[in-house]
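For reference, the structures are reproduced in the following blocks.
Below, chain A partners chain B and then partners chain C, in two separate complexes.
Entry: the complex of A and B
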């Protein structure tokens, strides 16, 4: 009996190790993707608060609409409401897994839509501490994964996985993500810059579940450790499956977006 | 007083064990602060915390992105930079520079964000990529943009297209500032070494704030590693020739080392951080400690030569020297403490450290040194001192030719006085480093081609949040930059309106007609948003625009110029601003260069007050110590005249006075007064105790202190001559002037002072 027990023990450990950290990391990412699958489209109101090391603050308000795209990155439309001089400016983006994103901006003062051809996903979004690549949808194929360990964030159990971008022009060598075991959404992300030193930390809080499935945070805070600047993104009025379609996410719809 | 001197001098020898043990313990306790002592590696150390220019500059730095940087200048030896090989080098180096520790952003010709229109598309991309694949057309396109876009031309590329630069913006965590800076400097040097090997036909130069900072540290460390040991060895050799006794030299050596260690240790305890301008304190303490010890040892050996037993000879030496050493140390300390009136903290530190060192050496030479000497074997041979006779002859000569000497000295003083007025407070802060320091030559090269450190910063406020988008504001800002570009000193103006113009053009199909400012606030704000959305990693608008968009930062790169020229430039700018833009847009110029420009005058004014106060205090002390108002007033002349002569020679030879020279007055006052004190106290003793006539008393003074004065002047001169070798101009210039003044002081005390006594302190009939 003893021998069988030992054999079982060895077997079980073999099984446990049969899955490499890479596989486990990827498995978690796939699960996260699966759980967020099928929301079709969503909209929310966003308040962005920029703060520099000196404590000077600036507030911007916008509305955001997202269209779920299968097999590629999601499409996004952002309409700016505040400050008044940029009211009505609208930003349309088609994010892609590995290629550069497509971006258009509608400038009401010029009454024109301009396509911005830029290779960088790594640039800052509206001068904030969030880069475009931090805000775009987390498609599985965008990254290589490595499971590290389990660790709780503020008492909430989470997987810790290391994520390395597969696309060119990223601002990061890697990021470390704490994914909630309950919600399969990121609770915290540490970003490491191109020379692999800790650059920023994103903390998401106030997660709520919508339509009994989709978790969204109320607040995301991005703190830059190097510049001591900070951006707080507050979300409100989340709505899902509001009937948005492809037609609401193209160049001509940009001008109509109010 | 005499009873105290007698009691003290005997007590020291009687309780010599306690004296030695206590001295060592106290010195050790003070020296334990040495572990807290480090170099300050920020050029800001030259400015007090409440210096208004520093406060203004820090506010700008906190509002916008910090501008600490490493600036690598690249110059191919043949042809311009628009050859595939050089462009490839820039591309590779840009890539590698991202790996620099604490780097936040790398800017070069290669990753310049070029924007242009293609139908309705706004293209934002690096100026070029994959340099090896560039066609001739591409090269022409790159060249055209680089030599026309105001964001590149004369900023990242020189006028002739032969020089370019890579700017690495750094953000130091400041957790361990010295290590962080060393890391960046070492990485940069390695990077350049690698590229020099790979590209032997390309020259590289490095400047920028980080290298300015490291040059201050390296200049200070260099002085500590070379000049301090040289001074020490020279002092020891000199002492050996003078005293001819290894034991005595050993005693002096301990006094020097203890004084330096205790003073620097105390500096560490009270939180002083060293800078190259305060490093000379080590050598100054050395020199002044020697001067104090000499008096004790010379008297001691003199008594031994006259067969006085060792213990008795020592207490006799203490008794004789207690008052003069005490007096001269106090006046020296006052002179150095006068440096607290300087606007430049390292000079405050220098004064305070030396004052502490002089105090320690005063205590040690009166207690520890004689106590120690009582244990050491000192062999002497009695020999007639032939110098005494020479000094007596000299005395007769002076007395005989007193009128001639008086007229001659008066002429020299008047002439010097005239040349003093020729001096101008003018300096260039990069010239603090002489040409043996690579940072200086590299910065000079950068300045002659691209500018580099010669940069001014203006934070121009608008009215209210988002106010920078108002057409009126942009128009005024644009006028300002256009006017600046017309000034002969201006090399480049980096201003938001140039970006605005370019965007407006891009948004109108790259039509050159539209290289204008947007006409409505909304349009300007939306361009800004567009621009913000298109910026690459590491760069945000915060470099030029504050968080709530109520002010923009404008950079002017200027030619190398002195503080006087710069202040003139700035005052012209201020006049223009007052006459041409609304009150709300007025802004002072800031930046390191501006801070150094302002501090020079302030420092001189501060030190003028400090020097006058020191002079008054020293004169009052002399009047009381010498117990004669008349002699006290006469003593003013030999104290002031050497300073006049010194600055007169400077005005004749150099004209330009830097801030290091402002401290010389107060400092040398404290030092040269020692000569006067020694001469006058011997003179008065002869008159009062021995009832000598003025003439006879002068001869007495010559023969009794003449040699000591020559010896201490030589010691001081040797010390400061060594300091003259410092590659840090604030130190070497200061040492040069000090040397002249010390030499002048000896001449004045030997010629003018006796004549003044003959004229104004005649024997009462």
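Entry: the complex of A and C
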């Protein structure tokens, strides 16, 4: 029996050794997805602080709701509160793994719901350094993975994996993600533009655990190395399993989102 | 403004609910506008050169029952230096909304938008156009309504009961952007109930993957009047005649990556001979033009109305070509421009709109409208001297 046990041990270490960097990268992504599974729905308040190279600052405030969808990308509803001229504007998105997302915008002055092109994945979200795709739900099949190494971020152990988008219209050739070994959430992401030069770095901090399972950051800072602009995205009032349903994520609910 | 009795009841009920509100939430804007006219007037009664105007639109919103019940109150007021008809007040919204699992109920005064196209909105019929506000017809008067919305797997079905009718606003004798001669205050109706006719409307909408479809039917007082000459003792004026109509509408948008394909089609009967009208075309968006964050959309639409030029219809056989530039910057800078050209004659209507934010609460907008009228029969003929450059500074709160 002991011999068989030893054989199994040897075999398993051989298999582990035979695991390619692609397999290991994907395995980390699957584990991250698994650990974030089952949150059902969530909501939070967001404050965006946009800073340009001269240090001029402008503020955006919004509320965000997310509905977890199994087997596809999540559904999201974002309601804008500030600045006052865009108050009441709301954005509904049904994200998909590889297909184009479905997106609708509600313009309160005209009471008009507009279906908009989803080609804007690479476009800036509210004039910030975050692109729509940076804030979209991370589904395993959206990317191809490559494990690079282990490296700590501010003393926190992390896997470093390279991620290449499988979907159309991404603004990136690739990104390099530092995923916390403890939380399986990104601590840092380097984004490389279509010419493969370093474009932006996202740093997430202040992770807190909700419902004993789901880790969410308090702050995400996106620094653009090419324009020297920076956006700080602060999160507050995270709530999970609040009873949101499909009904809260359609064109009717978009129209009365306020 | 004058409110019908049923509207008064609604107003009283809502003001009561409104009074009960504990935590209030006010927002809105106030704006100052200058309109500069570059050409001399066609009619001596119209004012020359420039005009100042102020507008104010506060908004009250309160919700309770975990958001399942809410009231919104949006009054609007404008003062205009030269045109007393343009100085006006309106209740844009005063509505109670109740939300249930698969239905919604709206009671009060509200605004509703239907449709998908950019150059004109054929299908959109619930609200009357507040024509003194802007030549583009995008501004609407509040409409009293009872609206039940059923939200089901097979789509969304909206049923509207619309008690009371609002006449279209037109610039006064001294104002610009008016017909020559001017449209008089005297209004005529086909229905003996006049502006108390209860109108009905129904609309079904559904999304099929990349396709958003809407089918609607309206029965009641036409929002678009027939304009008829009426001799008075002093001179000839024009009067509005409101028919009882049936209008069936279809609107479809296909969203295929960077292409948006749009169609609106209506069939209207009861207003002279039955007719059809169509607007359709596309919007193509270039994302991140010239390696910047900006998006540029090219819009082209064809406008057709088989009433032709008798009676005079502005867009009977016209082509709209335009562009939309969104800078996607912190100031939300935007530029929209376009030309509507009549296929039959040389009538051209040029449009440019630009806006950006200053600081957190100021928005500066610039609008330019330039008209070159080809034939005498074209409705644009009487506003051919009304080229305008308009600057508006709004403070939002």
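The rule is short, and it goes like this: the second predicted complex is superposed on the first by the 241 of 258 C-alpha atoms of A that agree within 3 Å, B and C clash if a C-alpha of one lies under 4 Å from a C-alpha of the other, contacts with A are read in each partner's own complex, and residues count from 1 in each chain.
The definition used in the following text is that a residue touches a chain if its C-beta (ideal position, glycine included) is under 8 Å from a C-beta of that chain, and two chains touch if they have at least 3 such contacts.
Please read all numbers here as calculations on a predicted model, not as lab measurements.
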item	value
Overlay on chain A: chain C relative to chain B, clash or fit	clash
Which superposed partner A:64 touches (first chain B, second chain C, both, neither)	neither
Contacts of A:47 with chain B and chain C, given as first, second, both or neither	neither
Contacts of A:173 with chain B and chain C, given as first, second, both or neither	neither
Touched partner set for A:226, first chain B, second chain C, both or neither	first
Partner chain(s) touched by A:252 [first = chain B, second = chain C, both, neither]	second
Partner chain in contact with A:137 - chain B first, chain C second, else both or neither	neither
First (chain B), second (chain C), both or neither touched by A:127	both
Which of chain B and chain C A:205 touches, first, second, both or neither	neither
Partner chain in contact with A:100 - chain B first, chain C second, else both or neither	second
Touching both chain C and chain B, counted on chain A across the two superposed complexes	50, 52, 56, 58, 83-86, 110, 112-113, 115-120, 122-124, 127, 171
Of all residues in chain A, those that touch chain B in their complex	50-54, 56-58, 80, 83-86, 89, 91, 103, 105, 107-110, 112-120, 122-127, 131, 171, 194-195, 197, 226-227, 229
Complex contact set, residues of chain C against chain A	27, 29, 61, 63, 70, 97, 99, 101-102, 104, 111-113, 116, 138, 149, 151, 156, 205, 207, 209-210, 212, 253, 255, 257-260, 283, 285, 287-288, 293, 295, 328-332, 357, 360-361, 363, 394, 396-397
Chain B residues touching chain A - in the complex, by the definition given at the top	62-63, 65, 98-104, 118, 120-125, 171, 173, 465-466, 469, 507, 518, 520-527, 529-530, 532-542, 546-549
Chain A residues within the chain C interface of the complex	50, 52, 56, 58-59, 82-88, 100, 102, 110-113, 115-120, 122-124, 127, 168-169, 171, 247, 250-252, 256, 258
